[in-house]
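Everything below concerns the one structure shown next.
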Amino acid sequence: SAPFALIAGPCQMESRDHAMMIAERMKRVTADLGIGYVFKASFDKANRTSLKGKRGIGLAEALPVFEEVRREFDLPVLTDVHTEAQCEEVGAVCDILQIPAFLCRQTDLLVAAARTGRVINIKKGQFLAPHDMKNVAAKVTESGNPNVLLTERGASFGYNTLVSDFRGLPIMAETGLPVVFDATHSVQQPGGQGGSSGGERRFVETLSRAAVAVGVAGLFIETHEDPDNAPSDGPNMVPLERMPDLLKRLKAIDDLVKGF
Amino acid sequence: SAPFALIAGPCQMESRDHAMMIAERMKRVTADLGIGYVFKASFDKANRTSLKGKRGIGLAEALPVFEEVRREFDLPVLTDVHTEAQCEEVGAVCDILQIPAFLCRQTDLLVAAARTGRVINIKKGQFLAPHDMKNVAAKVTESGNPNVLLTERGASFGYNTLVSDFRGLPIMAETGLPVVFDATHSVQQPGGQGGSSGGERRFVETLSRAAVAVGVAGLFIETHEDPDNAPSDGPNMVPLERMPDLLKRLKAIDDLVKGF
Amino acid sequence: SAPFALIAGPCQMESRDHAMMIAERMKRVTADLGIGYVFKASFDKANRTSLKGKRGIGLAEALPVFEEVRREFDLPVLTDVHTEAQCEEVGAVCDILQIPAFLCRQTDLLVAAARTGRVINIKKGQFLAPHDMKNVAAKVTESGNPNVLLTERGASFGYNTLVSDFRGLPIMAETGLPVVFDATHSVQQPGGQGGSSGGERRFVETLSRAAVAVGVAGLFIETHEDPDNAPSDGPNMVPLERMPDLLKRLKAIDDLVKGF
Amino acid sequence: SAPFALIAGPCQMESRDHAMMIAERMKRVTADLGIGYVFKASFDKANRTSLKGKRGIGLAEALPVFEEVRREFDLPVLTDVHTEAQCEEVGAVCDILQIPAFLCRQTDLLVAAARTGRVINIKKGQFLAPHDMKNVAAKVTESGNPNVLLTERGASFGYNTLVSDFRGLPIMAETGLPVVFDATHSVQQPGGQGGSSGGERRFVETLSRAAVAVGVAGLFIETHEDPDNAPSDGPNMVPLERMPDLLKRLKAIDDLVKGF
């Protein structure tokens, strides 16, 4: 029944200055609204549709930036890991390690992430049912780490389309773990542009409202000052300037339903 | 931006007294909350899973009850039609004629319903995309009847399961027509019990909250004083005694988001 | 283990001469190959995507043509019925009455068709699982008519797409009823062209080969001398001139697997 | 137009003796039928549903067995890789490196596998469309390795169910790469038994027949002398004793259609 926390930031960490700019802007917006904020960025987009897609600045360059964001803005930071080898290094700096949806069944990655003792945010695979996530979460908790978040990000629905099944939020909450709704990837159209993924930004608010009304512990929304020119996930990122109004509405719904 | 209206009642019209009891109870509940109310009951369940399923009391017996509900409680009434021949007779009494989801592409039925001049509520077929409904609606509006409601009731998702795609609500609203969310049939598991359909009543509130937060003109919720012994759709009807609290919460969300 | 029968013809009955031309051509082709042939045409396309779609010549004009095809070519004929009222009239002439997929759960239509004593071909709804069809078939058989065919024509798969689940053929065959594969509508893209349905003719052979290899009692393939200018289902009809080679290949597979 | 090759073996490498027994049996069966044979076993099941699922004997123990199978029976061998680090070591021994479906978008794994120069068999993700695989394959071919196989193994269809879309075989073949059909995993019911995956062995022949009739370069079928007691994928493995008859039928269909 605590207010939702927001995990937000650019899809990719593009540069130190870009990350700092977004962290600063989002910290201000969320502080004004009384929303807990976690800065998010990916140092590597490891599963682009095409070999030609930009992948980000890499782990070595990104870690000092995550440290600076934490120190400078006093913010927890989240990033995704793709291999066992990355877990320890990322875990030394970041507060939350995120398991990508495609990798949510990879036992060794989950166990290596668990061993860092950090919070582990597991994205639900597009190929899994909500009730399947209890087995996935147990790979982390039975490895001795009880700090798990489960994130809904859409289920495969025919080809190149995802659908968000909101029954999944209470089903996953039955595990006792906090449930997050990822509005950005839920509106993705995987592979929908041939050589890259499409998306429909206009439905981010639609689906976020639904999630908050159903009840979530957190929201995940990617944002960018100029999404149409972002190196990845542009079609589904929310412009930074629209975040204050969007979050204000979502916070009002959250306040209402958490009071029921 | 008007408050949502509620279409509610038992799945089947079981008897005159049963209909009157539910209409009376629901009128009181909705009046207390300032919610517009439409009484709903089916005189014939024309597409039961099995030949053995109970079908209802029939048109001849039901029409006088609809008249009595209208007169006694000053309520608009809705029922579903299955053949062209029924439209005129039903249209002489009922305020809203509903086209069942399986029949939403039957041109002659849509045109016959349109000609009554009544409001036509078209359920979206489980096999249609939200954007397909503009063609369906046009069969009514181009027949000279602009009074159309479009109702979301779930899309086929694998076998014996439906999923509610909330992107569909704004997509259907682009037609300019009022959009209704049917929470009862969205939680149905078609054919899920072998000889009859199953359902998960516990998700009616989940999906209704989501729909209202996204924004709807109406909600459709079937209710019964003893759902587990109802002749059809028992697994997904809401017990009558739980309707006041449920509607209170939904109305609060509606008030909030309509004020944005 | 009998060779497959072929149900084929134009999507719509366009005119007497057109029907006679196709029946004559197809009779010759199938006789050469030793394939049993049923002439198929629709007198009314009752569920077009749009009100503007052409619907066919109508029942009154079509029935004498069906009679002439039967008499002239000594062929059984099949057409689809949409209302109870049509069943008796159609049953007086046609050998097989077909229940459209959208209507396969309409009890009264199934019972009215059953009462004609004719063979009833029920298309599986796009919204049903193969195992659901035993309940559908029972509505006919329990009405005293054991002569039922079950036809697979694709299941909803996301939006505007169907998928053919070939596990469905043996599952439906467990009813003891002959199972038909409709290759034409399985490659349909419902509503896929906005105001009408699309389709991918190039996969008719792909899916027909698969069906025959799995084992079917019948195939359903619509054909036209000029599909791209046909009034409906053009994108998924097979050009008449390609039918001989297609059927020759399918017959060879059928001969082989029926000999296992 | 070459006859199909068979990739077959136990789901897990259970022991040296078990692997040798199956390789020996399958070599004999395939030689009798004139089918090219690739021995398959997994040294590690890296993505079991639950932490409790058995994972196999591990890479260090498995590699000498693969070497012995190659040497003793003069057979090519295939196994799956899960991390970049494994690729070089596996590539030193095995003829074909297989990319698991969940991992088919992991760029670094694909590139590391490509660099071994071995044949790379990429399983199509359950979350991908057939036309998406051209981008996946290009990650290998643009890394300088043209030796790629694409394997269909079912697409997500609702929850805990897969469906095989046979249109996908010719679509993937448009890349010019050989296409394999994995009949074992296509009949899997992911997570369908709560703590492990279910499956329906009885449809392996159904779907294999369909695939061969459509036309494939290869078939992938897991087999075991006692599937019901196998450590993984038991519900969908074919008993070893049934393989000769199954393959005989599939080879007959393949011979026929490759002659068209």
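For reference, chains read A, B, C and D in written order, and residue numbers begin at 1 within each chain.
We take it that a residue touches a chain if its C-beta (ideal position, glycine included) is under 8 Å from a C-beta of that chain, and two chains touch if they have at least 3 such contacts.
The model shown is predicted, which means the values in this text are computed figures rather than measured ones.
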Would you mind telling me which chain pair, B-D or C-D, is linked by more contacting C-beta pairs?
-> C-D
Rounded Å distance between subunit B and subunit D, as computed from the means of their C-alpha atoms | 48
Roughly how many whole angstrom separate the Cα centroids of subunit C and subunit D?
-> 36
By the touch definition above, subunit A meets two or more other chains at residues 155, 157, 159
Classify the chain contact graph as line, ring, star, complete or other.
-> complete
Okay, in this complex, where on subunit D does subunit B touch?
-> 157-159, 161
State the interface residues of subunit C toward subunit D in the complex, per the touch definition above.
-> 155, 157, 163-167, 169-170, 187, 200, 202-203, 206-207, 209-214, 249, 252-253, 256-257, 260
Per the touch rule, the subunit B residues reaching subunit C in their complex are 46-51, 55, 82-84, 102-103, 105-108, 125-129, 131-132, 135, 138-139, 142-143, 155-156, 159-160, 190-191, 194-195
